[in-house]
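The chains carry the letters A, B, C, D, E and F, assigned in the order they are written, with residues numbered from 1 in each.
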Amino acid sequence: MRVSIYRLAHFNAAHRLHNDHWSDEKNKEVFGKCNNPNYHGHNYDVEVRLTGELDPETGYLFDLGVLKEIIKEHIEDRYDHKNLNLECPEFKEVNPSAELICFNIHKILREVIDEKFEIGVKLWETPRNYVMYPA
Amino acid sequence: MRVSIYRLAHFNAAHRLHNDHWSDEKNKEVFGKCNNPNYHGHNYDVEVRLTGELDPETGYLFDLGVLKEIIKEHIEDRYDHKNLNLECPEFKEVNPSAELICFNIHKILREVIDEKFEIGVKLWETPRNYVMYPA
Amino acid sequence: MRVSIYRLAHFNAAHRLHNDHWSDEKNKEVFGKCNNPNYHGHNYDVEVRLTGELDPETGYLFDLGVLKEIIKEHIEDRYDHKNLNLECPEFKEVNPSAELICFNIHKILREVIDEKFEIGVKLWETPRNYVMYPA
Amino acid sequence: MRVSIYRLAHFNAAHRLHNDHWSDEKNKEVFGKCNNPNYHGHNYDVEVRLTGELDPETGYLFDLGVLKEIIKEHIEDRYDHKNLNLECPEFKEVNPSAELICFNIHKILREVIDEKFEIGVKLWETPRNYVMYPA
Amino acid sequence: MRVSIYRLAHFNAAHRLHNDHWSDEKNKEVFGKCNNPNYHGHNYDVEVRLTGELDPETGYLFDLGVLKEIIKEHIEDRYDHKNLNLECPEFKEVNPSAELICFNIHKILREVIDEKFEIGVKLWETPRNYVMYPA
Amino acid sequence: MRVSIYRLAHFNAAHRLHNDHWSDEKNKEVFGKCNNPNYHGHNYDVEVRLTGELDPETGYLFDLGVLKEIIKEHIEDRYDHKNLNLECPEFKEVNPSAELICFNIHKILREVIDEKFEIGVKLWETPRNYVMYPA
């Protein structure tokens, strides 16, 4: 019996979008006000999905309380109240776009969650703009 | 032309998680405060999805008013204001975990909805914890 | 790296459901109060999903600000504060059911968005009734 | 012990804004696209508040199930799937603006609910635009 | 400069409505399915408001992080995953109606928060039914 | 006939909390992670309320479309995608706490909206933390 479970989490962070290999003009043209050198910020909402076979003894796919703690330790504590560009090495070379934050959250969780569970991540940058990885 | 339609419903119920084949210690260790013998409860939200071929005469996949009534009769009236462990025979032997409530809702609807429609069920136990069957 | 991005938009419109090839009795029987000849209306919410390969230079799949403008120009400005039956030629012959509005939004966006992006559309007629195309 | 209780309800309706004593130009200038002669529509959400002294025997201010039925009978059934301008006599002479719909809902409820309860009404025309009467 | 601040919290609990001084028939007649002897349950949302004079040195009325901890310790830990009738002495003699739970939360917080702050409590039993004390 | 109308708006910004007259230790102790020198950020939601006498000719208190434009010009364009500490002179000397941002929004609107309307402002820093001015 194959099911999916979902847990919502959130963190607040500052970021800016910028490509170091481009001129200031090109950065401003492509990224607009998201390129502001003084940063801006968001309340990010994260949905983590695990998919796999139900454990018949517990009726659980995976303990949602444990999933909550994993997300707190590995995602919320890492990103909450941070400047993603300055304080998170994974965004030194790549842009902290919603897509790449989402990809990184998936990568981090992939290393700590048993591979028998498929992982999906959805990230809301605002209530109207959000992304999902894998697609 | 293949489309999906969705209808949201809800019910309020009490439950506890417990495996009769385990010791009290093991139940408490695995299920934590969800094992409280006096029960606790939730406002459950249910999303039912039907997928299939559009009827060109009506522009409907399936009448959403009819779907609302089917869900009311077979799901809401069955579970609303109930103690799932004590009053619902389907949870006498298995735990009323979100995963298994979701699986049961799918099973119940599968018996009353024409098999030409694929059915998917999503169940929210809280706004931050939810499950989907089939995965 | 394949990702999906989503943008939410909305419009308010009037409509009624009616099949010109049917008698008034059959229309009333099938469509109920949605057949009211004086129309009724909704706040429609639209979610547009694009899926494809991430651009490594920007960290974007597709600029969400550009997507917002495309949806405004082609969907919101076309349908907002309109009577879908009387003022939108695409619903002269077919019913403006949620399913067919959703299908039309997909068709309109398919013509203006590069075919390398897969498009999905979800349409809420009310917070409890919604549809998705493709399924 | 003075408390307030609240109940949310909703209905879908078509309307247009128009002042019969004005020229078409002035109507269009003042009401913009809300003046569309073919109507447009909304999903209206209504919050009804009752304030008064708690009944110590029940622990209720007023039975919320009874309030739900009163709102259904007097408000939802009256306005749902209607054209407010054409089918509701109270809007023959006055505009079905959010403010005046809200005022009318208060007036209707005031006639059927015991005067020992203070009544407040909030009406959402969209999730971003709403009104309250009394202020 | 007088401001209000708000903090949202939540807990899940089981309850039933019952007046020991009444017959079973009267209880059933008055409380309907809320009288189920096996209990049912809810996801309760709590909004706590503090009103008072801003501290000009911090720009705070009251540290929202401290308020979050006070609510966790005195409200969430007390009621979460509990059977309100069986495990909370304050509801041994009075009904755990939404009104009286709300009144009790106010009473508990009134004892631990400096009297220079006015306190208001809103309690959602479901997303459509909620109460406020003081009125 | 006295009514209130409400309009919701939003902006995304970076900020930090810091009192220049205090030591680094005291700032860290009082403001915790909100004191991060690299900033963090939020999606701020703003609710603006106007209260006054209804205009009987339009059925409006105040044109909600005009209010939307006023908020866009004076609030959203001023704060969106900005660093409140570095780019907004009103927060050079005072902390951009939720309370003081809310107070400033009220002050800005008070200067551009006719004094016959009472103004109230609610500001969400996160969906769980919000403030209101005047109280």
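Note that contacts are C-beta pairs under 8 Å (C-beta built on N, C-alpha and C of every residue); 3 or more make two chains touch, one makes a residue touch a chain.
Here the structure is a predicted model, which means the values were calculated and not measured.
Within the contact network of the assembly, the step distance from subunit B to subunit C comes to 1. Following the contact convention of this document, C, F is the list of chains adjacent to both subunit A and subunit D. By the residue-number overlap criterion, the interface of subunit D with subunit E counts as different, with under half of its numbers used by both chains. One inter-chain figure worth recording: subunit D and subunit F are separated by 29 Å, centre to centre, where each centre is the mean of the chain's CA atoms. Centroids of subunit B and subunit D (each the mean of its C-alpha atoms) stand 34 Å apart.
Residue positions of subunit B with contacts to 2 or more other chains are 127. In terms of inter-chain touching, the protein chains here follow a pattern that is not a line, ring, star or complete graph.
A complete list of chain pairs in contact reads A-B, A-C, A-F, B-C, B-E, C-D, D-E, D-F, E-F. Contact residues of subunit E toward subunit B in the complex are 10, 12-15, 33-34, 36, 38-43, 80-83, 86-87, 126-127. Against subunit B, the residues of subunit A that register as touching in their complex are 1-9, 51-52, 54, 57-61, 63-65.
Here subunit D touches subunit F in the complex through residues 17, 19, 21, 30-32, 94-100, 102-103, 127-135, going by the rule given at the top.
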